[in-house]
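Input: a single structure, listed below in structure tokens.
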């Protein structure tokens, strides 16, 4: 009986003051949430803390690692005396994240707009399907296909050279542009979908009213449609930026010598060099930097709790 | 609600960062610290604490092992004969001995593969393979010194004693072949695309030529890369000192402006599709590419010399089917099987008698007469062994000098 | 958040925007970029039929063949990797639904101590970059001496699928409240009956959607898996390793088959919904 009873306490009684009383009053949510919460605690929260702990260890693969509260590792890796420019890789990762986000907005917004407003209603789902279609294939296969298509002797550049659009020395792979293109390509769906959903929610009469007020289409767009889809854009920015900033696959398959990024550095430190403390420190710093950026972003968007944005 | 309503004023002006959020943050932080401290008790085991401590009676061990009929073989890509997806030598092995082989070309480079298996070896667990093939270098030294690989029972390897070349018996990194037998040896030199390259490549200094800008490939294995740098600056790797290493790294950084990427075995892909015109290359890969139609690619022994290395078959500890592994090693060391594998792989064959087999039975003089597969004394004179690390600190120093070349 | 509120029933259905002359640039833009997104897929399908002399894909066209489709299992390790990916994806989907649906119900319908912390944790689980999650999980397994392999991959996959399940199910549940269950209780249903006859049917579409999402996320995951797999090889790991030296054509065949199956499922789904609407 109590499992389905409403939980809001009667307005006149005082709320329970301690946990045990609350649980006894209504055990339902605690029972429901227990398994999932325990799982998240053990396999999500604790590993994050464990990452911090490993970063504070010293040692090497030969002798093993022991916990020594070695805060100095952060200074070693990012301070002025660092032997490897990790700060550069971190900055590059953020740069790629920002650029990929911008590209997905510039490409994804018009696509979502087209489906929402310019397509016949019966075709909308089909068109959305078409946009999502490429994501049925493993993204590594897709990225590898791009590496082929864009290679120097591959079809794209051969055609471009044939019609004399580019010079003989022009190449795409190995540049920042190739990496950003790859990141944007793989995350396009994350931007199109939220924007499309936000556009769909707009009442068409608002657009009519706006057209009556402003008269010109660009004004309608910028003053009415764009602000109404803010939540969709914000959701897309969140997903794309976080995914792209730390991604090691696109720089690895499409990049060259000066595209080494923080994601690859973390992977190499763990999976090639077994420098677990360095790797964990890099990962913790990335997490903190992204967290700070997210928090600032949420504040700019006007809320204390970032969940309200999505 | 007029704007002067005190409740509204409070709402408008209340600080976002209330005492509550601060307190919440502080509690979370302290909790995290406490957890970190408790987790601190668990450190991460190193190799030293591992298996070397155990003294194993190998005679008794091998006496108790039996053939199981299954073999898990981990190797590098492009390292065994292929026939449209089938592996003839392994099929002959299965027919002769009844042992089914699960062949996995999972080893892309020494350091990443070692990083994958090391935690399990330290925990004394099976890594899922009975034979692994690794290049003589830091990882092989580690595996042997830490007791991560089994001692071989040479009484079951009569073919090795009979057919193996002298220079693969009793190597300096594994006296008396106690733990390993050579699978293939190989040269690391330069390869270039005759059609696309603006000029012929004969020396490491050609990599600095601006004509090759953006089309030079190098390896991302620190040992190979450092070896190339040392040879380019005129130093034999085995005799080099840390100062030599620093000079080599400077040369490599000078070359980096021409380099399009630092590759693992994917350099061969880039050479074949024309993205790179010249690259550090392994001799056998180039042979195979030529046989597969990439006739524009040529292997070059640089004037300064090339590197020679040996890939070794080893049996990791806790392997599930060690006797079957020995059976394969024995089966391989015959002119016939080594010849069949060699005819396809085109690296340096550890069985000199295979030369006759390839010339007569397989009728392939391109391979049997090649000094890159059956080296002449002249070829051996131009080849240099890679540097041998004495301990982890040396290895770490080498890495710290050469990593910045790749990570830029 | 859209500020448009639900239209009052009294007003007539909104009319379409006045028919003005619409520029061609937007459709052109859309179709051009759509083709660009599908270009790698087309390449993959075309080259899975290429008759290469070696067993690695090459971009010179050698002739049409279905040999690679006939010999899908020839590549050592590929079928096993694919099977492992499918098994892990199915198990992850099932377990994360079992854990996530109750969690979503608790978060959406009740207020309780720790709700905001739990909600934030779920959000962090989705938002956290894969590389950080993978690195942290690896640190955890290493320092606890847990062997890397099938079980660690499964554990980590369930962890990130859980967050997606919770979000999807919460979205489905939001707005419906407990009204229907209370109505059922008023009509005399016991809690169990109310649950099975009212709550569960409501949840099923959400569970299917969440399950499909979890399946998709798990099968395609590379970054997190690369950290915690140890010796286990899943399909994305296999492809990434093989891509360095040259993919075997069978990988393209697998990709094509999965693509075609997914396409058929999507078409079937929309055909069924279209029929349902009539």
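Order of writing sets the labels: A, B and C. Residues in every chain begin at 1.
Note that in this section a contact is a pair of C-beta atoms (placed from the backbone, for glycine too) under 8 Å apart; a residue touches a chain by one contact, two chains touch by 3 or more.
These numbers come from a predicted model, not from an experiment.
J.: In terms of CA centroid distance, which chain is the most far removed from subunit C?
T.: B
J.: If you tally contacting C-beta pairs, which comes out ahead, A-B or A-C? Let me know.
T.: Pair with more contacting C-beta pairs, A-C versus A-B: A-C.
J.: What whole-Å value do you get for the distance between subunit A and subunit B if each is reduced to the mean of its CA atoms?
T.: The separation of the two C-alpha centroids amounts to 34 Å.
J.: What whole-Å value do you get for the distance between subunit A and subunit C if each is reduced to the mean of its CA atoms?
T.: Computed value for the inter-centroid distance: 16 Å.
J.: Two or more other chains in contact with one residue: find those residues in subunit B.
T.: Residues 39, 43-45, 116, 273 of subunit B each touch two or more of the other chains.
J.: Residues of subunit C that touch two or more other chains: which are they?
T.: Residues 59, 142-144, 243 of subunit C touch two or more partner chains.
J.: Which residue numbers or ranges of subunit A touch two or more of the other chains?
T.: 46, 50, 53-54, 148, 154, 270-271, 276
J.: Spell out the part of subunit A that touches subunit C in their complex, as residue ranges.
T.: Listed in rising order, the residues are 1, 3-4, 6-8, 19, 22, 26, 28-30, 32-33, 35-37, 39-41, 43-48, 50-51, 53-54, 107, 110-111, 113-115, 117-118, 125-126, 129-131, 133-149, 154-155, 185, 188, 198, 201-208, 211, 217, 228-231, 238, 242-243, 245-249, 253, 263, 266-267, 270-271, 276, 279-280, 282-283, 286-287, 290, 294, 305-307, 310.
J.: Okay, in this complex, where on subunit B does subunit C touch?
T.: 39, 42-45, 77-78, 82, 84-86, 102-106, 108, 116-117, 119-120, 123, 125, 127-129, 263-266, 268-269, 272-273, 292-293
J.: Per the contact definition, I'd like the list of subunit C residues that touch subunit B in the complex.
T.: For this pair, the touching residues of subunit C are 53-55, 58-60, 67, 71, 74-77, 142-145, 147-148, 230-231, 233, 241-246, 248.
J.: Residues of subunit A touching subunit B in their complex?
T.: Touching subunit B from subunit A are residues 46, 49-50, 52-54, 56-57, 59-67, 69, 83-85, 89, 148, 151-154, 169, 171, 173-174, 255-258, 260, 265, 268, 270-274, 276, 304.
J.: Show which residues of subunit B lie in contact with subunit A when the two form their complex.
T.: For subunit B paired with subunit A, touching residues are 16, 21, 32, 35-36, 39-41, 43-49, 109, 111-112, 115-116, 118, 142, 214, 256, 259-262, 273-275, 392, 396, 399-400, 403-404, 406-408.
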